[in-house]
Every structure is written in structure tokens, then in C-alpha cells.
């Protein structure tokens, strides 16, 4: 079995690219972890679709205020400088290009930047939330994900087979094995785990990985 | 010279049709007078485009707060229950059909309800303000006006000759001589000054005045 | 002017069979539980209203509030962005049995469609959902080289809204993220019915901090200590409680 | 994070020749006079910026603020709803001499176009101006039997805004009807520059009463006792004062 990053480590790596004073939206679930790994000295401001700017970590158990929740309906706290607003203003922030970064999960990412992350097909109850708004709103849309599915199939594909969330919207993917940019409709490898050969990485990636310049080692702390 | 109502009397007559608890927008200038004649026991709430609901009469001279003005840039006061809001919310109130009545001035009103009240033609600087929004927003759009122009020409016409403010939007006209409804593209006379014959009124009205049922005397107090 | 309704039953008396009802809240935050339960009470007593189209971000949780309304069989169709959550069993079962209709709308588009309904904007263009299944059948237009989907306004017969403070003119404030869809729904319904933790006289709310001006509100009813959906669900509450 | 600019000159330093500049205010209320005057100072000292397109509801009054900006010859085009008022001599003379361009927009459409710019809505339909000269050349569409005009968003390179309180994150409150276009313009500009009567630390404004969240603001500068256009005009002020 191939060595790979934990979800915490992927989240840590994604957090390193968030610049100081950035306005950031983190998708429900796994992407929420990114907030924990803000580099010291950099202040990101987190936006949640349901109407809070600059919320902080969860409260202690038993201290929850259920009017103070994030998009995943988890209790949060406030930081100094926070603001409340209604849903139309919240999505004006999203759609109007005011967020610097959105970091989302993925079922599939295609080499042209297409993202599928809301529906696994006709079974079950479909639910989309704010994902389709985020992918066409934030200045930079990044994905964090395991490099492959639980069945070991590639998630970085030539064309998405699952229902799309957005067209040509993702520009960077942080996976359990690599950091990959999407440029002009192609995957460009930026970083990979030190012990991993390009051939091994390509073997678990459906679309071709281009190398343009040097590929750095993907190094993260133990987390 | 024909007997006619003063502007104050026209405003008084228009005020009698404003029901209790109505939300009302009064056009800049002459229509602002309507607020002075609210019937006792009826509470109208006045809206001004620039972001106040429930403003009151002007302050005493020297007491003006220039952040507290109406659409005509005149200083106003607040009544208990007032609210401030920005221009997009203000025109959501207008366009979204939330105002019960808008009362506007007119250069011309046509029998099909077309209104011309913003431009006297290509000369001078054109200015439209909120008039075009009001005529397509309020549940009821009424006009108050002298029955004829300063030159004695009819203002109630078959078709407007001046640039339109709105199409088929006016439903009632309060003039210095009569109260006239617009129904199915025709002027229907409701009230006229007691001493005035229908023939005399028709003589100063370009489009035909229909009579449907009885025509009441237009009676107003001395003002 | 006093928009205060005597009680919850009076407040929801105007909702009739087949109406479209917007219900505020995002999950439990801002969800007008007491108004919803009053509506269920009326249905249990009179058999009305039913066949409702409900607009909410979610599909309810557990067996209280919106979930209870659906469980009572009063809802024909749901328009929402996210009917999946921790415990949406009630909706899921009816949906999979084909007994409730679902119109799925991206969350920002849902918010903007409601605002458009309130603001007299019959249609607008958004980049959201372009190229996806949710844009199927909708007109697409290009502006400055980018493609956008045309979306229509949403309006309702009635909106059920939860506020923090209301004055007798209907001016409202909200509490924290319980604001969410509530102010938009106030704008988009022919009749907006508000439950507020307290009702104060006109003038009792600073005009600078009014979030929903009273022009958008028709009825207010006092619910001094509103229940929270999460607390009820943690206690496994079921509405109405079975005797 | 601290968005405070050192002084007015620094605050307006990003405005370049030919830019589109939104300026808040309705008449004098909410007009950022000190920011405008700082921009005029820069022009007098350096010859820049000129050829500006200015978006405001009006065309200025007297010889201060927006009127002084126009009088200085810095404005190529004005987009507004009401360039006529008590004393708009400066604009009127330039307009009649064909030396300034005017795009006249109904007031509600102006507000909505600015909001659309800020909200990522490239176009929307409105009943306003249908059948009038101001709808000429614009697409018309019928929805549910009624005709609507399609209008495009408005965006700007810079917005100059007047607020009451700002915190260092750029969260803003306004004063009374000085709010008007200011919150919308904050949303629609690439760089929003705010003059505020006071600047407080982050956390100094209750999150419930924030009108403009800081995400829409790039720079704030303190102007503790801002001048009012009406007072200046009553005193027949002319900016810059002639020595």
C-alpha cells in the first residue's frame, strides 16, 4: 500500500497557501479541517454561507448556541470583527467574487477543472447546498481530497462521469499524494510525496500529469 | 376664469383616499403636500426612496439634520417605528409591490394610463429620479395635477406627446377640477366641482370623459 | 397601526390548501418552530391546510418543526437546496416513495430567487449551475465571454418567519445566524407572519438596527421562549406528542 | 488585519486616469466630501486622475464635493438618476457645452445595477422604464404577461464611501439616511475606500448592527468631523478655496 497523507495533513498543506487577510470559505466536512492549520502570523477570515463572517472554532461541549452555526450546522464561536448578514448578502459575497479562496471536497476533478462533488448519481436524495455557487464565485477554487476513491479508482480524471458541480472552476488540487494545478485544461504536477515516483502517481491518476519545471517534495508535519 | 381647487385642496382630496395603515410614497414637490392632510384617525406610513420608512414633518428651521432628508433633499423628522435601509432595499419596496399608493405629479396623463412627468423634451438636463420605478411598483399609482397647463392646454390627453415615465400605470387623477379614474383605457369621471358642467370640463380635457353611474360633487374645505 | 396577532392559531389562520409557504431558518437556526406547530395543530383539528408547497433551505430534521409538517402529510412539494442532513428520515422516506415532490435549487440561487420575488425582479442571470444538471431547460446567455443561467423569482402566499424583536409596525431584528433566509422571505410573501421573542411598541427598536422594515411584515406574534430544533431533537421529541 | 489608511491622500492614491469611480451619497447625505476633496488635491498637484467615469445619484451641488470634482475637469462621464437640483450649475454648464457625457438611469435601476455588480448578477429584468426612452436599445422580455427591460450590472474600479463607524476589518455602520447608495457601492467596486467618523478596533462594532461586512471594504480612513455639503453650500463655499 502506497504511503499517503492523512486528511489532517492534506488540510495542513492547503492551509499553507492561504495568504494573510484572506477571506475563505471551507466546504462542509473534511475542508472544515483547514481552519485548524492556519500558519502562525497569518489571519484568515472565514465565511459561512449561512451568514457569518469571521467565525472561530467550535465552543466547548455543552456551550453550544444553536443560533450560531456554520454551513454544516455545527456550533461555532465568534471572533472580534465578525458580522452577521442574510443569505442574499452572503451569496453576494460568494457570487460577486469577494472570497479569496474556497476549498471544497470532490468526488471527481477533471483535467479541464470540472468538479463533481454534489451527487453520486440518481440514487438517494439529491442535495447541493452552496457548492455550485462557491465554484463560480471565489477568486480561487481549490479541492482537497484523497488521490483515489475508497475502491482505489482515480478521482483526478480526464472527464467527470458524475453530475457536475461546476465547469472549469478548480485551479488547484491538494491530494493525499500530490499538489496539482490545473492550467489550460491540463493537470500540472507541482509537488508529490518524496518516496513516490512520477510513474506510480500517474498510475493512480486517470488524466496525464504534466511536469513544467521542477516538482517539489510534498512535505508536511506529522499530524 | 374657471373656479378651481388650490394645490392644497387637490392634495387634501387625494389624502382622503389613503386608507389606514397604508404605505405611501409621495413624489417630490407638490405631492409632498398630501402628507399634511392625513384624515384624523388614519395612520399612513411614508416611504422615501433614499432610505427612510415612517418619516414625519420637517423640523423647525435651524434644527435640520442633513443626514435625515427625503427624496426632495428636504430635512424631515422621524416617527416612532421608523427604519433606515439602503437604496436597493428601498427600491425592492417600490418595485416589489409593497407600497400601497404612490402619488405623483404629471405633465400629461393619457386615457390609457400612460404618464409623462419627467422630461419636457430635449432641452435642458434630463433627470428621472425614482419616478419610473414608482409607476411600475406601487399597488396604486395616482396623479395630482392642475387640470390644464399654465398655458391652458389639457394635461389629460388621448396620447402623451412628452417622453413617457410609464405605460398604462395611472389609475386615478386628482385635478383642480375633477377626480377621474382610468378604467380599461378610458377616463371615467367620478367627481367634479359643483359649479362646473360636464361640457365645460370636457372642453379642457383632450380625451373623452366617460360617465359611468353618478358623478359626485368634488367638495373640499377651504385651505 | 398594530400588527400583533392574538395568538399562534390566529397568526397562521390565513394559510389555505395548496398555498406556497416560505419557512425561514437554516437547519434549526431561525426556524419558526412554534408557528409550524400551530399550523400542524390546525391541520390535525380541521384537516386543513394540505397540499402545501414549502420553500426552505432544508427538509427538516427529526420529528419536529418542518419535519413534523412533512410527516403530517401537509406538504406536496419542497423547494430547497439541501434535503440531506443528520436525520432527515421523514423527507427521505416520502421522497423515495414518490409521495413528495422536490425542486432542488443551489443555495445562493434559492436566496437570490426569493430576494428577486420580493424586489420585483422577475428573472436574473447567475453563473451558478451553468453546465450542470440543475441548469437543464433553463435559458443560457453569454455576458462578456462568460456563460450564465437565467433564473426566475420565487414568491409565496405566506412566509413563516422567526425574529428576535418585533415592534408593532413589524420592524424586525434577528439573533446571530438565525437571520439567514428570514429577511428575504419577509420580502417575497403576500402575507408575512412573524414569531418574535419579544414585541415592543413602535419606536422600541432603533431605526439604525432594523433588519426587516415593517413594510414587509403583516402579522407578529409573541413567542417569548422559542424552542430550538436541535434541543428538541437531542431530546428525541416528536410533534405532536402522542398521548 | 488592519485596513486603516494613514491619511486621506493615501486613501485615494489608487485612483488612476480613466477609472470608474462610484461615489456614495444622495445629495449631501452620505457624500464622502473629504475623500473627494483629497482626490481634487491630488489632481491639482499632479494632474491626475482625470477622465473619470463617476457613478452617483446626482451631479453635485454648488462648488464643493462632487460638483467641485466635475468643476476641476476630472470627470468625463456621469452615470446618475437626477443631475437636476437646487444648484447644479457646474454640471449643467459642462453638459450643455457638450463637455461631459451623461448616462441617465432610473434611481431604482441604478441601485439594482450596482447591487448586481456586487452580487455577481450580470443582468436582470425590471419593469422600470419599459416603454420609455430610457429603455431604447435594451432587450425586452415578457414574464407572466408583463413586459420587462433587461439591465446590466454596474461595477467600478474604486468606490468612495462615507460611513459613521468602521472597525479595522472594514465593518461599517452608517448614520440615518446617509446610508443610501453607500453599502451597495462597497459591494460593487474592486477597491472600496471609506471615510468614517470613527475607527474602532475589530470587535468594536456589534456583529448584529454591521451594515457593510468588512469583506466589501479595502481601506478605511478616519474623518472625525465630516463636513456636510448642505452646510458648505449655505456658506457659499468653493473648493479648493482660492487664496
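So that you can tell them apart, the chains are marked A, B, C and D in the order they are listed, and the count of residues begins at 1 in each.
The rule is simple: contacts are C-beta pairs under 8 Å (C-beta built on N, C-alpha and C of every residue); 3 or more make two chains touch, one makes a residue touch a chain.
What you are looking at is a predicted structure, and each value in this text was computed from that prediction instead of being measured.
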Per Cα centroids, the chain farthest from subunit A: B
Pair joined by more contacting C-beta pairs (A-C or A-D): A-C
Distance from the mean Cα position of subunit C to that of subunit A, given in whole angstrom: 30
Interchain centroid distance [CA atoms averaged], subunit B/subunit C, Å: 36
For subunit A, residues contacting two or more additional chains: 52, 84-85, 88, 91, 94-95, 136-137
Shared interface positions of subunit D, touching two or more other chains: 112, 115, 119-121, 126-127, 174-176, 207-208
Each pair of chains that touches, named by its two labels: A-C, A-D, B-C, B-D, C-D
Of subunit C, residues touching subunit D in the complex: 112, 116, 119-127, 141, 143-144, 146, 148, 152, 173-176, 207-209
Residue numbers on subunit B that touch subunit D, as the complex places them: 48-52, 64-69, 73, 84-88, 90-91, 94-95, 114, 119, 124-133, 136-137, 163-167
Subunit A-touching residues of subunit C, taken from the complex the two chains share: 26-30, 57, 59, 81-86, 88, 91-92, 95-96, 102, 104-112, 114-115, 126-134, 174-184, 211, 228-231
Residues of subunit A defined as touching subunit D within the complex: 20-21, 23, 43, 45, 47, 52-54, 78-85, 88-89, 91-99, 136-137
Parts of subunit C lying in touch with subunit B, wherever the complex brings them together: 1, 115, 117-121, 167-169, 171, 187, 201-203, 207-208, 210, 213-216
